[in-house]
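Across the two complexes that follow, chain A remains constant while its partner is chain B and subsequently chain C.
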Partner chain A sequence: MKKLKNTGAYAYLLPSFLIFGIFLFYPFFKTLYLSLFKTNKMGQAKLFVGLGNYKELLQSSSFWNSLAVTLIFVVIVVAVSMILGLTTAVLCNKTFPGIRFFSTAYALPMAIASSSAAMIFKIMLHPSVGIINKIFHLDINWVSDPKYALICVAVLTAWLNSGINFLYFSAGLSNIDETIYERASVDGASSFQKFYRLTLPGLAPMMFYTLVVNIIQAFQSFGQVKILTQGGPGESTNLIVYSIYRDAFFNYRFGSAAAQSVVLFLIVLVLTLVMFKIEKKGVKY
Partner chain B sequence: MSQIGSITAEKEKQMALERQKFQEAKAKMLAQQKYNLVNKGGAGEALSMGIYGWFFEEFMCKQGLEYVDNGNGREAAAEKVVFDENGGALNILNEWKKLYDAGYAPNVGRGGDSGLADFSSGKAAITLGSTASLKQILQDVNGSFEVGTAYFPSITDDDKGGVSIGGASLWMLDNQDDAKKAATWEFVKYLVSAESQAYWNAQTGYFPVTTAAHDEQVFKDNIAEYPQFQTAIDQLHDSAPEYAGALLSVFPEARSIVETEIENMLNGKQSAEDAVSKMASDMNKSIEDYNLLNE
Partner chain C sequence: MSEIILRDICKSYENGFQAVKNFNLEIEKGELIVFVGPSGCGKSTTLRMIAGLEDISDGELWIGDKLVNYLEPKERDLAMVFQSYALYPQMNIYDNIAFSLQVRKVPKKEIDKRVHHVAELLGLENLLRQRPKNLSGGQRQRVAIGNAIIREPKVLLMDEPLSNLDAKLRTQMRVELANIHKALGNTIIYVTHDQTEAMTLGDRIVVMNQGVVQQADAPQNLYDYPVNRFVAGFIGSPSMNFIKGLVIEKVGIPTFCTENDGDIPIPDFLWKILKRQGYVGRNIELGIRPEHFLERPAGADTRGEWKMEVTVTARELLGAEVILHFNHNGQDCCAKVSGDSLIDKGDKVTLWIDMAYISAFDLETQENITLRKGVFS
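Up next is the complex of A and B:
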């Protein structure tokens, strides 16, 4: 009887394993395999170079630049998007007339595709006919200036991610018991103290989850770079995913692209493990 | 200039001049520069030239110089670039830098279409672009000023070369299916028919590949209304097959390298000579890798 029960369970898991197998596990192992070769233009592994691709990567200044740029990008995106999401969630915490409109507006970035938003931003940031330069009376070529290009892409991404952060934080806020605020008022707490000592710790589990998800998502940003800057100017927005795309589908160097993918995977893996370790200490349920 | 599943048309580069903003009193022709540039006679900028690898290739063709070895890649697969050896690249980069430093050709971004917005909005006096964008420009300008066209500029007055063609093209894949092959061929014949080519030219500015298209009424009417379309056709007839440009296995990557190095040069990160040698070394490495892995 017991054996039958277990087989039943595994049978239910089969469909999902099939999908995972085709779309997740097979590409994963194929990428590992390809990263040990140099490929021809059709993507077939031609020359076994072992760790040669990785060695070339570690010696390439372009790759280190990608890593540095990606790290700066992730920090800006995660910080700005979480602050934006938290602010909007706190603003929409208590009902007021017209809250429907505002909460829809704050959650709207979730529904916008990153490519469409990037195209709109491209026109807005145009130095001659763009609205940003017209409103602030500036003459800066935003996406062609190495100083500002990364900030533009980061702000756009942060705004796009703020929608879902608003949702997460709203859910987290609604989990906090209302009565503790009343008790704190009786004790004479100011609203700042209430926020800092009651809201934030109450949000800690949700914040941790949002942080992990945001970091992983920021590492995978692609559409905005492809449309706005194509990795330029001067590689200042050459995020690692974009660099992988260029190497694979533009330069037809699948081996090197696969090696970069593996490195990206390791970085995100290490980061996630570190975050989970910290969670054990920091987050109280 | 959409190239997805589009009709065969050889496209040309041409300049669009803006005569309305020309103020005689303020115009001063640069004595040293030997090519025709309308100066800042009231325009916001003289020339809006995007950082586009294709322009670099055209400038090489206009000088009559080769891009890669082995007969510009046409006699055998290219093994290395020669634009550094024959000095063509340095000429181009020096002139580009001069224009940028003098403030005549600011950095308007990468890609072939990046200079068009400045021109259509009336900020730039001249822009470089494909004939394929001519219709778009005329529509965007919508009569607010007169639009003229001229040949693609050469680097010096002595340049003997001509322009090469490029752009949208038709390809048929061999799927070992005879029915599909026949059907595709019928479609191709339709697309290159005189009628289709005349319509295609009138609607976009793409150069018609069928000479019979010149006799179509649609074509003649379009030329009568917009004589600007004729410039590209004259320009190609004034060129010659030996200036047809290079064949190169890693062209997308090469073009990207050219754009990156020019961008770095304009941003002051390197001199023109360094840019040329970096371009050459990066491209040679890619060509080597490609030839090694693809027989």
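Up next is the complex of A and C:
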């Protein structure tokens, strides 16, 4: 009888296991497996090299460059998108005429596909007909100049991610009891003191969650790089995900691409674990 | 000189609703004023206008000798205790109490001294490192009060501070509040819907209804001389009983005719008042406090006596007293008699009324007829 009960339970779990299995677990283990092989052009494992692919990666200056670029990119994206999301959420936390328009506008980037946003930015940033250069009377070749290309991609990504952050922070703000602000007014706190001593600590749990999600999301940015810069100029925007894509589908080095994927996975895993460790100590609910 | 003056204070909202209408009051330094009334009567709104959390639609608010209508809350030098306590959840108790000093950049040493002084006064010393969520309701209440008194503000505002506590704790905190007021001597404005709290705490009580001040007076005066039917019914627990009837002179005897209980002779003092004001031949309402129902006649008395035959529908023993409920002309009434009374539920008994304490109310204006100026003789 008991056995039968369990069978029923497993039967219910089967569909989700199946989907996870096909789209998550199988690719995951296959990637681990592939990272230990040299492959042919069809992506089939042909020659077992052990950790050879990893060794090559560690010696490749291109890989180190793409790690460095990714790191700078993530820092800019996370910082800018969190600040954007927080500022817009705080601005929209009061009722005023037209609030619906503004909150929709601030949440909108969430609904825009990264590649279509990149297309729009590409036109806006165009050196001769782009609106950015026109408005500021500049003559900068934004996406073709190694100095600016990474910043352009990062700011675009930050704006795209700020929509969901706006939503997270709005939810976090509405969880803070209104009366503590009233008490703070009577107690004599200025707006800045209220923000710094009440709003920020009140948002801390949400802030932490948003930070984790943002970092993971930033590491995985792909579409905007593909459309806007294709990793160039040179390798100045060759983010790790783009480098994986290029290695696998242009250079047909699936083994190396798989190894890079595993490294990316480890970096994100370690970062997340570290953040959860810090959270236990630092974030108070 | 008065500490706070409210002159024709009004609060109206955009949809035309008037929450407070022409509120006038002068509050003396060191006084404990209680605003009391049913929910939605505008008492909290008035308090929040004094605090600066709501705009004043019309009228003048003076604190000290300054017109403060347009001052920010923090510039008004007052402190407030909220119904929900509004403790800062992320700060420990020490910071919660010290907050108002910290934001004013008071030196740390001074803050430390004062926090410990206040904590000692309120019995919070062992809790200073705790967070609000770890505290019981009574302790949170104390923290809220601690935060309010640490700055030694001119005026302390309290918005139903005891309503989230259980009955026993409420009584205890009520006494503590009275003691704190005595010890610190600052002006307190206290809002509550609980008339017992109002009666026990207030130096003066402001009874409000539908945005209008009904009466502002000392507790005893409110109880003994309510200006209208609302105040009479609101102050006192259980509340006053009201009986409708016609005032006439029947074969030379002043009589109060009720529908079912027949005729009742009107005592002389009341008759004089009614006659002088032209209530003979008109319907009025008599108000009788529950404790003025007696189990036996009050004795030989020239003021006249009134007895009622009633059937007791419920008996509530409160210990020293018993509340008897009965129905009179479709209206629920109650009488408060001594705890050793043998009257039980279902009994048909006669209750006498001590006519010396009776009040009469105009049916239209709801005014207390017995109180009109120049009537006392």
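The rule we apply is simple: the second predicted complex is superposed on the first by the 274 of 285 C-alpha atoms of A that agree within 3 Å, B and C clash if a C-alpha of one lies under 4 Å from a C-alpha of the other, contacts with A are read in each partner's own complex, and residues count from 1 in each chain.
Quick note on the criterion: a residue touches a chain if its C-beta (ideal position, glycine included) is under 8 Å from a C-beta of that chain, and two chains touch if they have at least 3 such contacts.
Please read all numbers here as calculations on a predicted model, not as lab measurements.
J.: Put the two structures on top of each other at chain A: do chain B and chain C fit, or clash?
T.: Because the two structures are overlaid on the shared chain, the partners are seen to fit without clashing.
J.: Once the structures are superposed on A, label A:A184 by its partner contacts, choosing first (chain B), second (chain C), both or neither.
T.: second
J.: Quick one: chain B or chain C, who's touching more of chain A?
T.: After superposing on chain A, more of chain A is contacted by B.
J.: Let me test your reading of the model: by the given contact rule, A:N251 touches which partner, first (chain B), second (chain C), both or neither?
T.: In the superposed model, A:N251 contacts chain B only, not chain C.
J.: If we overlay the two complexes on their shared chain A, which of chain B and chain C does A:Q230 touch? Say first, second, both or neither.
T.: Once the two structures are laid over each other on A, A:Q230 reaches chain B alone.
J.: Kindly classify A:K30 by the partners it touches after superposition: chain B alone (first), chain C alone (second), both, or neither?
T.: In the superposition, A:K30 contacts neither chain B nor chain C.
J.: By the touch definition at the top of the document, which applies to A:P201: first (chain B), second (chain C), both, or neither?
T.: In the superposition, A:P201 touches chain C alone.
J.: Given Cα centres, how many degrees, to the nearest 10, is the angle at chain A formed with chain B and chain C?
T.: An angle of 150 degrees, rounded.
J.: Using the superposition on chain A described above, determine whether A:K46 touches chain B (first), chain C (second), both, or neither.
T.: first
J.: Looking at the superposed set of three chains, what is the minimum CA distance between chain B and chain C in Å?
T.: Distance of closest C-alpha approach: 53 Å.
J.: Which of the residues in chain B come into contact with chain A in the complex?
T.: 44, 106-111, 117-118, 121, 123, 249-250, 252-253, 256, 259-260, 263-264, 267, 269, 286, 289-290, 292-294
J.: Which positions of chain C touch chain A when the two form their complex?
T.: 51-53, 72-74, 78-80, 82, 84, 86-91, 99-100, 103-104, 131, 147, 151, 157
J.: Using the touch definition up top, name the residues of chain A that touch chain C in the complex.
T.: By the definition above, chain A touches chain C via 177, 179-180, 182-190, 193, 197-198, 201-202, 204, 284.
J.: Within their complex, state which residues of chain A touch chain B.
T.: 38-41, 46-47, 126-129, 141, 143-144, 146, 230, 232-235, 246, 250-253
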